[in-house]
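Pasting the structures here.
Note that subunit A is present in both complexes that follow, paired respectively with subunit B and with subunit C.
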Partner chain A sequence: MLSITADDVSFSYGMEDVLSHVSFSIIGPGKTVILGANGSGKSTLMKLIDGLYPLRRGRIEVNGLSVSDSNAIPAIRASVGIVFQDPDSQFVSPVLEEDTAFGPENLGLDREEVERRVSRSLELTGLSAFRLRVPQTLSGGEKERAQLSGVLALSPEVLIFDEAFSMLDSISRREVMGIVNPMRKDHLLVFITHDAEEAVDADTVIIMDKGRIIASENPRDTLSRSDLLRSASIRPPFAVRMRDALKKRGIDVGSPLTMEELEAALWN
Partner chain B sequence: MNLLGAYNPGSSLLHRLDAGVRVIVFSLFAASILLLDGYGFIISLAMLLLLYRASGVPILPQLRSIGRFRAFFITVFLMNAFFQPSSDSFFSWWIITFSWRGIAMGLRMVISVILMVVLSSLLTAVATPVSIADGLRTVLHPLSFIGIPVDQAAMIVSAAISFIPVLASESESILLACRSRGAVPEGKNSIARARSLVPLVLPVFLAAFRRADELSLAMEARGYRGEKGRTRRKGMHVGKAEIIMLLSGGLMLSLSIIVKGVL
Partner chain C sequence: MELRLENASIQRGSFRIPPVSLSIDPGLSILMGRSGSGKTTLLMMLSSLIPLCEGRLLADGKELQGHSRRIAVIFQHPERQLFASTVFSDVSSGLSGLGLDRDEIRKRTEAALVQAGIDRRKWTCSPFSLSGGERRRAAIAGALIAEPDAVLMDEPDVGLDDASRSFLSGLVASLRDRGCAVLMTTHGCDDAEDADRVMIMEKGRIVQDGTPDEVLSFTDEAVLSTRLGLGRIVRFEELADRIAERMRGME
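Here is the complex of A and B:
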């Protein structure tokens, strides 16, 4: 079963807690968005989920495996793929195919399987023609796809995107989302972002503020509450902002979350 | 444009050669160059011309690029010409001895160094830095059995190489940011320019450490736990081409030893 559960997790880098008594449960497949402003603790939470930082207080389990168990870490890292924010800092090799092979090589797979995974990942991300290119010379969108290719080569069941698309223009973002979105059918996708717009089509939205979870529900119940979002320094989605503005003028359009819903409400 | 040390993509025999075998073959040719002198230089030069021809890499642009190292070559020549103890000196003062023998030795050294530079630039022209690091890892792998971390060193080299363009672009951004605020003077006074670059050192170092930290997290997240248990994607492959090149390198070295004995 695809799942991530956190139970009473607290974490600090120094004296002050970055995460404070965080508890949640995510069951896959599907798309979950962890929404929070800068400094809300969402990226730290992601690093704890993958066992990149030592967990001292509380308990986190990924697919039933505890991240506190050092013997379980290799299995957790094989099943969780993380796409970080800045692809330039993630490339291990100056040749794309070698970089894509890095993860499968770490898993100790046989050479044929490594090659198969490299070819499949590059094909899936549309980068087969770039396999001998230097990753740093690719465009922003291509770099993001290259990073995704390296992560997909691990064949992870859980994919975490840590502000992964915040540096992309809208066309490149749509391109990458076109690859990622279909995976929600059989993967657990976790998006960590400050952009509420990314959460409108999620199955679950977790809102974080100053190291605490202040809401964990479906997007319609969380994202419609602009007061809650604003209290966490998050800008509500455009449709919600528009709804609020229209409401002030006495026009009731219901609770649209997307542009399509808003448009339909305005026409009716 | 063919710059000295730049990779020149191609599909020649030397390009396709197994990374480990390529390192061994080039080491054999390098040993031959170091052994030969005098008339032997002609043999070395012929060997280099043949290798360049086989690789499809044009030799003339590489030779032109060598001019950039003239200060180094002059230093090598002068060190040999002035500091070679000799009985036939025509000028001698303190530890400085200027003699025909020293001049001849200086010329021999400079020619040897030039030939070595031309050979090594062919290696970097037919193989990417990672492929060279990979080849060195393959060749030196047996040393890991006596506790020398060859594989880890190769991984560090590979990661460091991939960071060069990133840090270069980071430095450029910091430099532009400083220039836009008037911190770096434009102009020809090189000392002032050099001194004004000092404040850039700290931000560039900080950026490098931040990126290294991010890279180490990304490597761990992709399952890296050291070299133990890792698949080596490209092991040593010795086919017909590799055998031909190994035999050529071996023959060249044998010839050099014979010629050295005769001359």
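Here is the complex of A and C:
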């Protein structure tokens, strides 16, 4: 079963706790968004999930395997793919197809299987025509897709996106999301972001503030609570801000979450 | 300060940018455009950091030869440019070589760190112990500490949360107040609606150039107001007023 669970996890780099008593349970497939301001501890949490940092207090399990069990780490890393911000700093090869092959080659797969995965990943991300290009010469959106290809070539069941698309303009972002979003049907997708707009279509939204989880529900219940979001330095989605602004002016438009819902409410 | 490019071009490998003429006046100018449209290249041409292969760069009408300390550049990911062993010494390093005494340096650095919202306890820590947002704020504070007359910022808002954004807006407001010419590239529209000027780049050329009202047609506010038949409104509060007015009228 696809799942990530955390039970009473605390973590510190020095004196101060960056995570304190964090507990949650995400069951896949589907899309979960971990929403938090800069410094809320969300990236640290992601690194603990992948076993990149040693966990000292609490317990984290990925697909039922404990990240504290060093024997389980290879299996966890094989099932979790992470897409980071800033693809530029992560390219390892001067040729895109070699860059995409880097992951599966390091899993020790045979040559045919590596080739099969590289072709499939590049096709999925729409980059087949670019397979001999130098990754650094791609545009921003293409670089993000190139990085995604490398992660998909590992065939992960769980995909974590750590502020992955914040560098992209809105059109490129829509392109990448068009590739990623359908994967929620059979993968567990976890987006780590400070942008509440990215969370409106999630199945679960976990809101973090100063190392603690302050809410974990469906987007309709969490994102419409603007006081809660603002207390965590998160800007509510546009439709929610407009709802609040209209309420102040004595007008009730219900609780729209998306632009479409807001528009519908305004026409009625 | 007024920064002006006259028929300026630079060479990147075998590619030469078509000559561009542009002036940036005191106030806030926003440069928008898709990834790869040439925003960063234009910013670098204005920075006096790289030599032009043709044309001139002028500051208040005088041609610049080499780099001018009156122009500050905040590159993408400024947080990666922190280098000193403590946050305090990093931020104060921009004041070195200006002939200021130690007290003055300390005073200005403290003020910059307070404005950047960095907890006093962290001033003596390594910059790498700060969170991503704090690191970014410290780096920006350091870049602006010598009070430059022109500031060029390349996507300073990428990855910033609400609190860090307010710091940035506050900073930009104070730069504008003292007559600084600020040019900022961005994907977001939040800063653009209050700017003096908005430019849009496409494939290396500026294709739109005007006030926010003239140029911003794609923000949430502009899209919603247009769809509701209210014309193009780019400011959030103004849009809320107009929608409220209309809905009261319908009741």
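In the analysis below, the second predicted complex is superposed on the first by the 268 of 268 C-alpha atoms of A that agree within 3 Å, B and C clash if a C-alpha of one lies under 4 Å from a C-alpha of the other, contacts with A are read in each partner's own complex, and residues count from 1 in each chain.
Rule of thumb we're sticking to: a contact is a pair of C-beta atoms (placed from the backbone, for glycine too) under 8 Å apart; a residue touches a chain by one contact, two chains touch by 3 or more.
The structure presented is a predicted model; accordingly, all values stated were derived computationally and were not measured.
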Contacts of A:R230 with subunit B and subunit C, given as first, second, both or neither: second
_Tell me the contact category for A:D86 with respect to subunit B and subunit C: first, second, both or neither._
both
Margin query: So in the superposed three-chain picture, is A:A129 touching just subunit B, just subunit C, both, or none of them (first/second/both/neither)?
Written below: neither
| said: Let me test your reading of the model: by the given contact rule, A:G141 touches which partner, first (subunit B), second (subunit C), both or neither? | reply: second
Using the touch definition from the top, say if A:E263 reaches subunit B (first), subunit C (second), both or neither. second
On subunit A, the footprints of subunit B and subunit C overlap at residues 86
Note: in the complex, subunit B contacts subunit A through residues 9, 128-130, 155, 158-159, 161-162, 165-166, 169, 210-211, 214-215, 217-225, 229-233, 235
The answer for subunit A against subunit C in the complex is residues 13-14, 36-39, 43, 85-86, 139-141, 163, 166-172, 194, 230, 233-235, 238, 241-242, 245-246, 248-251, 259, 262-263, 266-267
Subunit A contacts subunit B in the complex at 47, 50, 52, 74, 77-78, 80-82, 84, 86, 88-95, 98-99, 101-111, 114-115, 132, 134-137, 150-151, 154
The residues of subunit C that touch subunit A in their complex are 33-36, 77, 129, 131-134, 136, 155, 158-165, 187, 218, 220, 223-224, 227-228, 236-237, 239-241, 243-244, 247-248
